[in-house]
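Notes to accompany the following structure.
Think of it as A, B and C in the order they're written, each chain with its own count starting at 1.
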Amino acid sequence: MGHSGINVLFEGRNFTRLLGGLWTSVWIAVLSLIIGLALGALFGVLRTSKSRLVKVIFRIYLEFFRIVPTVVLLFLFYYILPRQFNLSWPASVMAVIAFALWVSAEFSDIVRGALISVPKIQRESGLALGLNKWQLFIYVLLPQAFQLELPATINLATRVIKTTSLLMMISVMDVINVGQQIVEANNQTNPNGVFWVYGLIFFLYFIVDYPLSLWAKRLSKRNEA
Amino acid sequence: MSWAIIQQSLPQFVKGFQVTVWMSFVGIIGAMVVGLCCSLIQYFHVPVIDKIVSAYVELARNTPLLIQLFFLYYAFPVIGLKMSAITCGLIGLIFLGGAYMAEAFTGGFDGISKNQIESGEAIGMSKWQLARYVVFPQGFALSVPAIAANIIFLIKETSIFSVIAIPELTNTALDLIGLYYHSNEYLFVLVIAYAIILIPLSLLLTWLERRVRYGTFGD
Amino acid sequence: MTEKILEVEDLNKFYGNKQVLHDISFSLNKGEVLTLLGPSGSGKSTLLRCLNGLEEFKSGTIIFEGKKVIPTAKNWQQLRQKIGMVFQSYDLFPNMTVLENILLGPVKVQKRPKAEVEKEAKALLKRVHLEQYANSYPRQLSGGQKQRIAIVRALALHPDLMLFDEVTASLDPEMVRGVLELIKQLSDEDHMTMIIVTHEMNFAKQIADQVLFLENGTIVEDTPGKEFFEHPKTKRAEEFLESMEF
């Protein structure tokens, strides 16, 4: 396999560089998820409120993020925030903000769906014990909603991980961007390297996302049973 | 925000719009055909092929479209398969979408209640008759919401075609920004263009979902 | 003269334009058992749910322990600690163990010390012969067991009045007896004041001090228990008793 090109992966610091790029993708995904899920849980609870105004506002928020492709979202934050608000934060921070808001919109819908699908009688028997609205949320509705929403939340996480592949488009040094640089640097000496570099990245995404999807599938089967 | 700039850019955006629309259309139809074939193979447990189908579905669903496109566009020529960007884009979208559509159809077939299947069996239906008269008609109806969600998802994914320089909407906006720097205007037009495609479509799909749900089974 | 715990005057309730309860008036003495009887759809459960604030009513007065109930969410939340309710479908919280289900109200709502309540809860569980299930989850229990736990959960709040909404209707026949015995005990030994909606006529006959017979949302008859079963005043009640064939 001397000339198959696989050696590109291990030449010099290439492998370490790829792992470094992977780390960038991972922390952006994790941070966006943490912020997005926290915000989304809050928005989801608000979306079950009786106020029409609150409902409409959060619905529009959700639909905006549903309609705009994530690539476009990244560009909106990357080009418009710095210019309109005079912010000069690094692209990775812009990406976290964009992803976190997107996650919060998607998650708010998941939380809302789960909350309204907790059976009405569960809510009533909580009330019958004298629980107030807040206690009802904390002890009865949220824990039950959590179980219902877990598979969808894991699926959302796998989408966020896949979406980090778009980071290269706003010049974040993620795993794909590093990969592309390595491919270009070795194009003359090792034209087959491209196969291995992109193959490895393909595989890296797969080994992160596949177990998560399997887990989500198992959980949702159990919820149905 | 300047209207003049927007106006000047419109002809280019119209071209990009056309590319996005026709590629989405072909890609989605292709994805539905691939998805349906895959889910039928899984439903009838065709030996060996069903394992290959499962592997394909998992691979395609758990990797990003962007890296799938890079592979097709940059890595395949190394093994002697050179294709145009447009061909790569369509193959990528069908590869990704086929897996999602397969899951949608399979989900529908799996969603039919056991009682329905058992009452079919009770009147002596064969597996094929059961599929033909009970599982498929009800399963298609059940899979409509997931298919609708996939259609919207796949149209949005075409924005990623811009990485291999297919002149669709997003790529058009990026090119214009690169040339003239009017990012506010071009991004505004870009968002509106996606809204023009997706809002009516999502309303149409919601309407269709309702019709299927209430129309077919009357509850 | 016995003390009145609950008085209801001219209660009217609508679902949209449809009136489902018409001028309901009755009163209940402390320590007594009132059973609500009547055909399905007569408004029994709706009436019961109005008494716990789970349904809003259009007009009328509820006086509980001498005080007129002002029907705000906050007041009902306070009152529900005094008025326990048990539902047909038991509705234990599936995310909590049996003990946690019982402790939730007393500890979180009434802020009583956990150790004290836990001792009491265990005694109550022992009384219903379910002490070995304290740390089980509801899904591990049979319907009859769940329903007895649901009753314990309501009792743990030390209510002055208990409402039972068809609590045996979704149980297998062999499970019904244990639950009914428990309710009978509560009446005989604890002198608990109770309002019971049921289709178990034999049980109603044994336990009722007073019967309200409802039809189409109206009280057709308000009679002492024994008398209702032996000499119903109205033709409708007579037909109803005959149709139940107990």
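The definition used in the following text is that a contact is a pair of C-beta atoms (placed from the backbone, for glycine too) under 8 Å apart; a residue touches a chain by one contact, two chains touch by 3 or more.
Please read all numbers here as calculations on a predicted model, not as lab measurements.
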The chain whose C-alpha centroid lies farthest from that of chain A is chain C
Chain nearest the overall Cα centroid:
A
Can you compute the centre-to-centre distance for chain A and chain C, using the mean CA position of each chain? Integer Å is fine.
48
Would you mind pulling out the distance in Å between where the CA atoms of chain A average out and where those of chain B do?
20
I'd like the Å distance between the centres of chain B and chain C, where a centre is the mean of that chain's Cα atoms.
54
Where on chain A does chain B make contact in their complex?
5, 66-72, 75-76, 79-80, 83-84, 158, 162-166, 168-169, 176, 183, 191-192, 194-195, 198-199, 201-202, 205-206, 209-210, 213
Chain C partner contacts - residues on chain A that touch it in the complex
119, 121-122, 124-133, 135, 139-140, 143-144, 147
For chain C, which residues count as touching chain A in their complex?
52-54, 73, 76-78, 80-81, 84-85, 87, 89, 91, 93-96, 104-105, 108-110, 150, 153-154, 157
With touch defined as at the start, can you tell me which chain B residues reach chain A in the complex?
58-59, 61-68, 70-71, 74-75, 78-79, 152, 156-160, 162-163, 170, 173-174, 177, 183-184, 187, 190-191, 194-195, 198-199, 202
